[in-house]
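What follows is a single structure, and I will ask about it in a moment.
A, B, C, D and E are the chain letters, set down in written order, and residue numbers restart from 1 in every chain.
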Amino acid sequence: MSSVSPSWLQPLATPAQRDQAYVSVQNVHKTYATRNGEVHAVQHADFDVAEGDFLSLVGPSGCGKSTLVSMVGGLENPSAGCILVGGEPVTAPRRDFGYVFQDATLLPWKSVLDNVLFPIRTQKRPVAEYRGEAERLLRATGLWDFRDKRPSELSGGMRQRVAICRGLINDPRLLMMDEPFSALDAITRDDMNLMLAQLWDQVHKTALFITHSIREAVYLSDRVLVMNARPSRIVADIRVPFARPRRPEMQEDPVFNSICSFVRETIHAGHESRSAHAG
Amino acid sequence: MSSVSPSWLQPLATPAQRDQAYVSVQNVHKTYATRNGEVHAVQHADFDVAEGDFLSLVGPSGCGKSTLVSMVGGLENPSAGCILVGGEPVTAPRRDFGYVFQDATLLPWKSVLDNVLFPIRTQKRPVAEYRGEAERLLRATGLWDFRDKRPSELSGGMRQRVAICRGLINDPRLLMMDEPFSALDAITRDDMNLMLAQLWDQVHKTALFITHSIREAVYLSDRVLVMNARPSRIVADIRVPFARPRRPEMQEDPVFNSICSFVRETIHAGHESRSAHAG
Amino acid sequence: QTRAISITLPWVVNGSNYWPMVGKELGYFKKRGIDLTVSRGNGSVAAAQAVANKQFDLGVVFFGGTLVNMARGLPLQALATVGYDALMGNLVLEDSPIRAPKDFEGKRVGTVATSAESPYWTAYAAKTGIDLGKVTRQQLDARLIERALMDKQVDAITAIGSSSIPVLDSLGVKTRFIPWAKTGVQLYAAQVIARRETIEADAGLCQAMVDGILESVVYTLKKPEESLEILYKAQPEIGMAKGGKENAKISQGLAQATMVAPEAIEHGMGWSSIPTLAGMISLAARAGALTADAKPLVPEDLATNRFVGKIKLSSAEWEQIRKNVAPYNKMLGLA
Amino acid sequence: MSDGLTTRRIVLPLLFALATLALWEAVVRGFAIREVLLPAPSAIAQRLLETFPLLLQHAWPTVWESLAGFAIASLLGVALAALLSTSALMRDMLYPNVVLFQLIPKIALAPLFIVWLGIGFQSRLTFSVFISFFPVVIATLAGLDHVDKSLLRLCRALTATPWQVFTSVRLPHALPYVFSGMKIATTFAIIGVIVGEFITSQAGLGYLILFASAQADTALILAAILVLCVFGLAFYGLVAGLERWMQQKFGA
Amino acid sequence: MSDGLTTRRIVLPLLFALATLALWEAVVRGFAIREVLLPAPSAIAQRLLETFPLLLQHAWPTVWESLAGFAIASLLGVALAALLSTSALMRDMLYPNVVLFQLIPKIALAPLFIVWLGIGFQSRLTFSVFISFFPVVIATLAGLDHVDKSLLRLCRALTATPWQVFTSVRLPHALPYVFSGMKIATTFAIIGVIVGEFITSQAGLGYLILFASAQADTALILAAILVLCVFGLAFYGLVAGLERWMQQKFGA
């Protein structure tokens, strides 16, 4: 790790700025009670996200990324601390949240189009008004020709793209994506990265993004949070110093590569110390 | 693509050398009959693998990598052409083949150790003789402390490591690995790469390895075959010009990176032309 | 202005119990302002309970079934007696070595637990000195007891003569009937029963029903062939089954043989003898057919002669009937 | 399925069935077994032809009561399962009792039905519903319960109401289970009606079997059972067809 | 499961059952329904106590014949399913016939079993096996068939013999299915014995029920059915316990 802090590395958690934050995670803990005692999934999570920021969470498996994002999305409740979105405490999922889970979780008995429109029907919004948006999303992800197919007739990557369209259909203010691309092959993944980057150039929603790919995180994000293995906490906060629109060529840039190396080393440092038998 | 061929790029398929080859794939085709007509999964596959070579297959999803390796392993039969291993035609799996599938496919009701020893029991080899080897493999993969656990008590990455140990337990002469690491997180994957590279420094078996990670392929292999999307065929044959033992630092080498770029571009060229709706 | 009234038979419609259907066909109930529905039953015990539970207005039930239920406190009463002998007895194959009561010892005797005669086997044994310890009792389903005898799975069966004799006869199997009536082990057979409350509240209906039923019985006694034709039309399966018509004819003949009784000849059709009923109660008590905690039964509660005695046949008519049933008396070993 | 396979899958079982019948016929003739004990297939076929109008006439009440019993059992079964799966209170309270109820040898209660419910078709229908209802509850509940947890999480994320979760996730997922329960219920519904007819009816195939037993007409008993089997097969086929149709329309 | 939950899951269903019994008692008393028509729970309990030695004595043959029928049916069922799952020929030939056979309303054949096999316990046992055998076959076969394709591919890769595939993959995977079939078979085995006892026997709870109906002793009928339920529950519990044990020892 470099001894002089580079400019893109921010100081951790500055609660002073809280009032401008759109998402505010305030000293959150999450403990699961299991047969073998308590598991501390998340400890001392304390950070804010400004409106319009694309924030990635990276860190070793089991460090609590999914748990943290679930809590922000209202799918889990913190054991301690509190979470505000738009100034209001989150206690349950909200209609202006969007979610993309790691597994596509499509309804197997519905067509691609009906799966994409499922949030609209469930939230009793006027379906007709959203058909255009559905078409636009399906075209952007190359799925329009497959709109009448069932999920079982798609490849794993196509299914994941349907889930992404579904996450975006109701124009959420806050979008949570938990490893949305890990089921995709390298090339499709690159395509999806490009698509997501382009989309963000246009829409400027707030996003929480989990990934195991460091390059993907740095390429897509305005900000990257690095988490440590258990006892899990945030160990680095990086503001990615590249303007939008993002271009694939950015990955050749030395700064890009040094950010990636820094993240990799930071995770590795935590990883090494984690356990004796991790291989 | 560079106009002057670099030294590590070999001419495709030179059937003259056939007699030295350990694995010989001779003009193999595979066609599946489906409800909507025939699918040409593999066409004109024609290459040899020398004994002791670690060969990777890379290429876009659906290009026929798994099908090709299944045929070499005797799990599928070619529709045309023939495959020889050790000079004899392959018609069924052999006792000196080892397999690691993309999904771990462990027996859920057996312990880790029993899963690793499953090939030994099935092939009626003396179990006592192989216990030492099982311990060595489980220690190398950090699983020895988990030897009495059931698969459901392991994380996805641990399960995959068990499958790798199982693939190696009967000391196969030819090992086939179909995306063995795609279920692992980035860090564990790096660890596994290192372990596999170290193992290969010691054992020098012949390996057929499928991966979606270009860097992984180049890092681990003596030779990389690049396949095209359908109509699928082999479009590049690369001999990786790095000596063993392989060190992680090798990934900083400009040659390493230019090989990776070349592979990426080659796949991309095929990928672009593949379909209009791939995104 | 007609009333819908329902009546249950003791068992599936057959030659020994179908007379309410004849009366229905001939309009005997309609002319009394009654639209009658005749249902089959599943044994006299259940039929009596179904009447008590108001599933039917009246029932044609064997006396044994009514007795058991009245002992359990069900408020029922017989309005008329139609068959005067339940024809309880043993049935053996014609060439069976069983001729005297003592011959049963060492043999296997089949019995249907839910059949009316079953409990009285012990009473018959007691009267005739059979050592039941030496007889193997084999409980059997009503649907196959006759076949068990035919296939010699048992050496003898206990039977209601009018049920079992016709089955074997129509299969061409020759049998011998050993009636228990000869030793005084005898019960009344089919009676018309109703709930006490019906009798008290609606004597007119009871009278009309008794009249209609007895008129039907008289018709079948006088015109057995014509009556059977009515039955075959109403229940076509009887004609279709192997030996179905022979079966119906014989069971009718056997049942009619028990209708030629002094009670009916002297007092009129349907008459019940109260002293005879008293004897039957004590027989049942001795046979163990009534459980220990049974209510003490008064013979007058069991049957009333309020509605009967009006229809009387002439001696010429009785003579004709005697002639008709003579062959059946022979079958019963009573001739 | 290739044509060769189809043929094989139709021809082989038919061949086996025919071989069995031929063996049966040969045994009956060879050992000169009397018809009342075990009629030969030819004797059953002959009896079937002779009594065909009678059999048809008696098949009718059995058929419609079975269909009605089945329909009521299916509706009630799915409704109870839905109730148990949506309310944890109901489930904790009722489910063990449902299982206990299922263990009652209901056949032993059949004779009491005539006392309690009389002789009308409603008594047979009730008994038929009574015994065919449980397989539907148990199977449907298994289907409603085994829904992928991640689909439920999706619904929660989308702020779906319990009713929306039921109609758009639980029920479609449970369909194959519902049908497996319903397939069992077809046989049970028929058995319920038959047993009811043994006890209370003067029409229907159950009554005819009882009547034929009383007459020791074994060939007629088996002819009636054959008609029941054909009906059972058609009934099962109907439900399987409905399942296939639903599968194509709503299935995965 | 927390202690509160456990309590709730035991107390709630008991409360519901007690409430049902209380309602039953109240209705019988309120409407002064006679015991012979519908005895109150208290009357059944009293009859149960009075006749307890008799009930126990008659329970014994029913119990052992049910257990024996169940054991034979389970063994035969698993064996037939194994045969069908290992040989494609057998499967194509037999499976449709097994399904057809299952559709036979077997209860209607019960009297013929006595005609064919005589009046001894073997006819009851055979009938019990006959009706409890099919659920085991069907369920086991489903389990043997639904094995993960990738495990079969693994076996192929390891040059495993069909017998090795059966013992080390198909059978362990099918265990939960086998047990679900066996749980159904417990009830069926009891019903088979009871029906057999209705038709011919000199002892057993089925005989006792028949005897009690002849005596119009409805309370005794229901007391005997209660004993049957308790036995059924214990039997079911035994199989469920065996399943749990197997699950812990061999399960996933």
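The rule we apply is simple: a contact is a pair of C-beta atoms (placed from the backbone, for glycine too) under 8 Å apart; a residue touches a chain by one contact, two chains touch by 3 or more.
Remember, it's a predicted structure, so these values are computed and weren't measured experimentally.
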| item | value |
| --- | --- |
| Mutual neighbours - chains that touch chain B and chain D alike | A, E |
| Selected pair, greater C-beta contact count between C-D and A-D | C-D |
| Rounded Å distance, chain C centre to chain E centre (Cα mean) | 40 |
| Distance between chain centroids, defined by C-alpha means - chain A, chain C (Å) | 87 |
| Distance between chain centroids, defined by C-alpha means - chain A, chain B (Å) | 31 |
| Euclidean distance of C-alpha centroids - chain B vs chain E, Å | 51 |
| Junction residues of chain B - those touching two or more other chains | none |
| Residue numbers of chain D (touch at least two other chains) | 37, 111, 115-116, 213 |
| Touching two or more other chains - residue numbers and ranges from chain C | 46, 49, 53, 143-144, 147, 151 |
| Interchain contacts, given as pairs of chains that touch | A-B, A-D, B-E, C-D, C-E, D-E |
| Contact footprint of chain C on chain E as seen in their complex | 34-37, 111, 114-115, 118-119, 198-202, 207, 210-211, 213-217 |
| Chain E contact footprint on chain C (complex, rising order) | 43, 45-46, 48-49, 52-53, 68-69, 71-74, 113-115, 118-119, 137-141, 143-144, 147-148, 151, 153-154, 289, 291 |
| Residues of chain D touching chain E in the complex | 8-9, 12-13, 15-17, 20, 37-38, 89, 92-97, 99-100, 102-105, 107-109, 111-112, 115-116, 186-187, 190-191, 194-195, 206, 209, 213, 218, 221, 224-225, 228-229, 232-233, 236 |
| Residues of chain E touching chain B in the complex | 148, 150-151, 153-160, 164, 168-169, 172, 250-252 |
| Complex contacts: residues of chain C adjacent to chain D | 8, 12-14, 39-40, 42, 46, 49-50, 53, 55-56, 142-144, 146-147, 150-151, 167, 170-171, 235-237, 240-244, 247 |
